[in-house]
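Report on one structure; see the data block that follows.
Should a chain be cited, it is by its letter among A, B, C and D, assigned in written order, with residues numbered from 1 in that chain.
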Amino acid sequence: MSRAETVASADAAVAGIADGSTVLVGGFGLAGMPFDLIDALIRQGAKDLTIVSNNAGNGDVGLAALLAAGRVRKVLCSFPRQADSWVFDGLYRAGEIELEVVPQGNLAERMRAAGAGIGAFYCPTAVGTPLAEGKEEREIDGRKYLLEYPIKGDYALISAHVADTMGNLVYRKTARNFGPVMATAATTTVVQVDEVVEPGMLDPEAVVTPSIYVDRIVQVKARHYTVQGAR
Amino acid sequence: MTTTSSGQAYTEAPRSADHRLTMDELAAVIARDIPAGAFVNLGIGQPTKIADHLPADSGVVLHTENGMLNMGPRAEGDALDPDLTNAGKVPVTELPGAAYFHHADSFAMMRGGHLDVCVLGAYQVAFDGDLANWTTGRPDGIPAVGGAMDLAIGAKDVYVMMTLFTRSGEPKLVPRCTYPLTGVGCVSRVYTDYGVFDVGPDGVRIRETYGVSADEFAERLGITLTYNGF
Amino acid sequence: MSRAETVASADAAVAGIADGSTVLVGGFGLAGMPFDLIDALIRQGAKDLTIVSNNAGNGDVGLAALLAAGRVRKVLCSFPRQADSWVFDGLYRAGEIELEVVPQGNLAERMRAAGAGIGAFYCPTAVGTPLAEGKEEREIDGRKYLLEYPIKGDYALISAHVADTMGNLVYRKTARNFGPVMATAATTTVVQVDEVVEPGMLDPEAVVTPSIYVDRIVQVKARHYTVQGAR
Amino acid sequence: MTTTSSGQAYTEAPRSADHRLTMDELAAVIARDIPAGAFVNLGIGQPTKIADHLPADSGVVLHTENGMLNMGPRAEGDALDPDLTNAGKVPVTELPGAAYFHHADSFAMMRGGHLDVCVLGAYQVAFDGDLANWTTGRPDGIPAVGGAMDLAIGAKDVYVMMTLFTRSGEPKLVPRCTYPLTGVGCVSRVYTDYGVFDVGPDGVRIRETYGVSADEFAERLGITLTYNGF
């Protein structure tokens, strides 16, 4: 990937996402959710998308709004069902959306494998459970493992705290969650940030996502989500 | 009646002795059993109460699988920060010596066996340590596993905190789980309102009871328990 | 692992390492090499060791001194042969030390797998080369991979820049190299640092090795190695 | 004589035209071919010279596999820091926008195909792109692979920089490597003092020559080359 491009709007940031794309969407619940990019994706119009994200939308914003707009064919996630996942719940019950449930750690590790050039890996999670069905099992040193394959994205849409113009990223607290992993696993990584600074302004020891993983950067206005647990 | 398994001496006993425990009392019992300085993940729901009963000088370090070590108590007022939540998406705080990491690193930490204790809720636990806590398997349900299967294998010791019986009186500590499994043979101890049990390849062993005799357990759980200390 | 212990001397830090242990030793050449811990290990006397490290010693210090003391049965490393690896070279040619050569990335990834609870993984490195001998090959999505197994240590001896008393670590520049990976892959991780501070003094966003991976910390005097390329 | 493959237009040509190139001239040719803004790993030895020929405004970001992006030039004087070296253990500097990471992350970056170009030295390259650059296989040698096999598969394009012939006159671009392989079919282009060649599943294609005709290549390399542009 050549050097990251800083674009002027979220619309420019999501340009070119084709129908049928696999899009990795950052966030754990609302923390780290790239709201502006998702809103732009809704305006952009790409449909028949496969979305990989930890959840399947909360309330009526972000991922939930994308689902409500009818753009998503399939969701790979660990935890679709939440108190405020009514949009997904309705689509799923109506048979209008496919769901693949992946244990949360496997979701992260399978994207990490995609980014790291690992062909597959043996993982102990879910051995002996219904989610082991159809997976190859192997015993290594007396412990059982399942063979897990990489999850690669055409695009990753993530949110970070500060980017430099080269594409180095730092995050804030637990909003870091899936962002750094997704950035490595997509052909094109698009990030929305609170602030863009010049190279040299971020501590090279504290960079979490190195510039090589970032393709497009857009600075957005202060986040407009609320604290869920505080409702 | 309070009993403990042989060789186990409790100098503190912050529990009721002659009736079943409330979930809050049970949380205190579990907090008592967590070793000082341990790295611990408390599952969402009831297990989060355990944090409130850890002594201030316990040195216990809490892990939350959404990417943090040394998580502090629930955030209130000005401390509310949408970028800082626990795995249940409840706003929390950070303690001095905290560290943040991404999801792959966080679950590598669990899967790699680095946590000392993980405490989870459950629908059912089998005598051999099988765990069912992610889905009731109802055909109209929406499957959602979250980190349950990762947590089930994600610590040196996996404890379960649950009521011993369902609301309709069915035992949740069972010879074999009827609900879909979360993990196989992964639970080592079960804390319930009526007693504490070690489970595993050698079957169930009663550690403590709260207001119930061993005979009553045998009758109500439908099995004869192996136990020490009575 | 319960909370890290800060000990008063390098000798206390390496106490208990048994004969026959597998010891992961940090450093890339001299950068990040835990000199004080290795010197203490020489004094401590453990023998018949298996050493996992990128190199097999430089000059007559550090790992080279441990080798020269006759304490090492086997070395797993990527690059034993260097301009100044005369100690290893002599032992190897005399048949007094075993060598397993592992590609550098596999060395890191196999230790990462050990730390992350991965049973084995399919890696494209070394396919079709002499280092593929005896390894299981598998084609996944049209590409060939070799099955690689974890490398776990009984101890890791590493060097970092600053620790807090809980065991959180930050490193300096490319001296970071294998330290963070080895810290995850050993039963007991011992770190020598330039400085120990109180919890809260390190930025939680910039911690590289979280406290859970560290067992013993010892503060040492300023490093006494020189810049190789500057000779 | 200078030729280029069809469809390839070079606006800059910092190379000698009628004699074989020095390694320094060859480094300039490679620098010319590296796209602006590319992420590049330069192998130890000759390829490190390429950095000296990159234009100041190229925006090329150098990776060193011992854990750094946006590595700067070799360190001198006060800038010498034993904690900051390249993969050849030579002290280097950091440029604004640098980032440090550990070895597993660094090799994940390579193995995952994120680097645009990697330039390596070689003992031999086969017409189909096989690479031999880690050992001569001599029985008295000490095997040492370092990052060679990881680098061989560690970029979208793997280029080789080498003399076309050994000191004793044997071609190093060969129908089939006789030295132990570093990687299979991994090289896409070979830069030599006598010319530049694309290699791969379709065989060798001459891109440029320096002081040698295609017929001479055919004779000296012992094969008939497929080429464009003559």
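Going forward, contacts are C-beta pairs under 8 Å (C-beta built on N, C-alpha and C of every residue); 3 or more make two chains touch, one makes a residue touch a chain.
These are the chains along with the protein names UniProt gives them: A, B, C, D = 3-oxoadipate CoA-transferase.
Since the structure is predicted, the reported quantities are computational estimates derived from the model, not experimental observations.
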| item | value |
| --- | --- |
| Those chains which touch chain D and also touch chain C | A |
| Length of the line joining the C-alpha centres of chain A and chain C, rounded to whole Å | 33 |
| Chain centre separation (chain A, chain D; CA means) in Å | 35 |
| Chain centre separation (chain A, chain B; CA means) in Å | 30 |
| Junction residues of chain A, two or more chains touched | 109, 112, 116-118, 123-124, 171-173, 204-205, 208 |
| Overlap residues in chain D, where contacts from two or more other chains coincide | 94, 100-101, 108, 110-111, 153 |
| Interchain pairs in contact, sorted by label | A-B, A-C, A-D, B-C, C-D |
| Interface residues, chain C side, partner chain A - complex | 109, 113, 116-124, 138, 140-141, 143, 145, 149, 170-173, 203-206, 208 |
| Interfacial residue positions of chain D with respect to chain A in the complex | 35-39, 59, 61, 63, 69-70, 94-101, 108-116, 153 |
| Chain B partner contacts - residues on chain A that touch it in the complex | 28-32, 54, 78-82, 88-89, 92-93, 99, 101-109, 111-112, 123-131, 171-181, 208, 223, 225-230 |
| Touching residues (chain side chain D, partner chain C) in the complex | 64-68, 74, 80-85, 88-91, 94, 100-104, 106-108, 110-111, 130, 141-150, 153-154, 180-184 |
| Contacting residues of chain A [partner chain D, same complex] | 1-3, 112, 114-118, 164-166, 168, 184, 198-200, 202, 204-205, 207, 210-213 |
